[in-house]
């Protein structure tokens, strides 16, 4: 593996998608800065990446706090130029409108939209003086469609998409590639598997084509990163071939 | 004027659009509950509507406070059944991403999205037991497009639209018409006229076709209210015939 | 009924939607020019409208023929100024892609898109010199979504929508209101009722909220016609309150 | 170069985008079947690809003829399994609506939509029995927006997009990746350069960031081809970083 003089920051480096993004960019020679709420849970990932010869740093990070985000990204940028920032915090909930409490609505927004705004802005602050960079946001079906029961989640995801669009239009001409990756599928995680079994019964997992492996998301981010500036994609929707849409 | 046994709540009853909505529904026999931040400013509107034989009540209202919204709507509903709730709070700002402060981003969201969620949910709480009603939200060009400099405003407006969609899909089958009116134009207010003069010079107001009179917005809401339940519109975009899109 | 010095042309004046549009505009004092493939089938409609004191003329019309469309609209315009032209020809079919023959694909396009282009263009030719008018097109769910099996129908309906958009952007500033009405539902016709019974069984028609009465479509067109030029809608989607979307 | 037992058919193998697609897939070991109206013009491309060790066959092809398309694809499939079919025929024109003749409207549709339907259907016919394949369509800004003057071109491009959507939804679950690549920019061709100079004056070409190099389009197709079936993109929009949108 050839090391690069560049870091990628993964905000929301959970066990599935976030971890795969970290693995992928580490395997391509990036120094990875991985942040998640409880940083101790990053230990196995760090061990694995380092064993493979990669460079990775784990941090506890409350992405809703401006100072924490700013410090996390500044750290990354001190290590080597921050070339990619990926915001990957989710907060999927479903409640009938009358049972959507103030607390839930506000918390989901803080995690999925507000934190993304902070991350994007602070990454831009570091990238603009250098004249380049990549800022990517993870979206979902709910980024485009407010389904019944999704007032809180869709509202946050719509809001995040607007942040991404506004940043893309302002920063694109300044050579910062802002993109929004929409995952139109359940991702193959333990949590999703349990929900499917509960909702659809014991056959729910028989069709392997309906869940997206986290590595496919990481590969899509790699694709976006590799696009030449003469042909940037702002938004890319991905789904498994068996998914209805 | 034939009085109806019905109220309309106008949340964000400002001098222009909100006032026209109040006038229109009052002239059609509705009792109007008009709320705005500084309720004293409603005095001229109240006087005018009453002089024309209409029924109207004005209230100071901080739409970001759950208790205030709930009390305001409960008051309206005690007077006569709450048949229509219109959320009309705006918060248009434009800042480069690096100058979009935490405070601005959060405040714009609280006014334009969070308050709309509260209003919609509390209106639904009153309407569901009666099996019917109308909940309308005012949108803007920024509800569909995150333009450069609009990270805060578009994020809030996207978020409000998601709330409206989720509510429409859940509450439509329960006979509550939820709609989202997109005003794709500047509305003809003193504030907009000043901005245009500053930005475009002394000729900026020569073309009368580019600004939308507030009464046209009120008429559009009346159209939506009048739709039979066999042919409801969720989203309606309106613009003056001279507007580019 | 007060007669107006104005005609409406209804191209595709079938037994359901088209007939209701004719009834509505006739009842509002318009002279109606109704065209359909087999003009003899218009006899009952003509009799009914005339009995109610309305003015109506029926014509056999192959809307895919430029000369026929031009002559039909010129006739209407000679009677009284052509104020509204409504294109309402449908051609809903569903075939797997391999069974979508050349003949079907081309014929559906000629009926649902090509004929609409001809109608819109020839109406514009008559309206532009007078500096005003209304050109409306009937769309469907398939105008926005190419579902499985709908290559032919959706392709034609997408194409018609593009014609409407291009005309709206060019002609709006010249005071011609071009609009596209999307009916996101089955319309309550004998044909649709039979299809539902075949597909869904004897209970298929128990829920009266799932089919749209043709008169609701006519009312929506009337709404669009009545919009002031300071607040035009280009596209309006309507669906019954029980419809999933 | 390692040769593959697979062909790619490029329908609309013009001097710019089509030629680059041919070069790219040839360089990756595909046998290329390149078709364009006047097959003789393919000579320099064939020479170049063969000199580089690639395999390529050129054909004169009127893509609007069912038999020619069918024969062209069958030929390709006989050489080696048809793994990718790319439809790349364009027909960009701009006329005011009154000057959009029947002939132009029909011809643009036949080239840009009808031929695409034929190509997609015939490719599917060959791919379905083998249980896999890739069918890609080239779109444009006009695939999503009917701008003033674009009634003919946008109508055809909207229609092509609907074909792609319907095929993707039907064939995706059968392991055929159908995708639609939207090029939201002028592509850097001699023709586009001349148009820009005429329209915008001698400085029109000073900014190299506004035109997309044809090779970027070819690379995007390669990206789409390389996606694993667990994460397919149906639609991808690409634009140069300096482009307004």
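Note that the chains are named A, B, C and D in the order they appear, and that numbering of residues resets to 1 at the start of each chain.
By our rule, a contact is a pair of C-beta atoms (placed from the backbone, for glycine too) under 8 Å apart; a residue touches a chain by one contact, two chains touch by 3 or more.
Owing to the predicted nature of the structure, the values given are computational and were not obtained by experimental measurement.
S.K.: Which other chains touch subunit A while also touching subunit D?
M.R.: Both-contact set = empty.
S.K.: How would you label the subunit A and subunit B contact, same or different, if same means the shared numbers make up over half of all numbers there?
M.R.: Both copies touch with mostly the same residues.
S.K.: Please compute the C-alpha centroid of subunit A, do the same for subunit C, then give the distance between them in whole Å.
M.R.: 45
S.K.: With chain centres defined as C-alpha means, what is the inter-centre distance between subunit B and subunit C in Å?
M.R.: 32
S.K.: What are the residue numbers in subunit D that touch two or more other chains?
M.R.: If we look for residues of subunit D contacting two or more partner chains, we find 169.
S.K.: According to the definition of touch, which chains form touching pairs?
M.R.: A-B, A-D, B-C, C-D
S.K.: Under the stated contact criterion, what part of subunit B meets subunit A in this complex?
M.R.: Its residues touching subunit A are 66, 96-98, 100, 102, 105-106, 109, 113-114, 117-118, 120-121, 124-125, 128, 142, 145-151, 154-167, 169-171.
S.K.: Once bound in the complex, which stretches of subunit D touch subunit A?
M.R.: 169, 172-173, 175, 177, 209, 212-213, 216-217, 219-220, 223, 227-245
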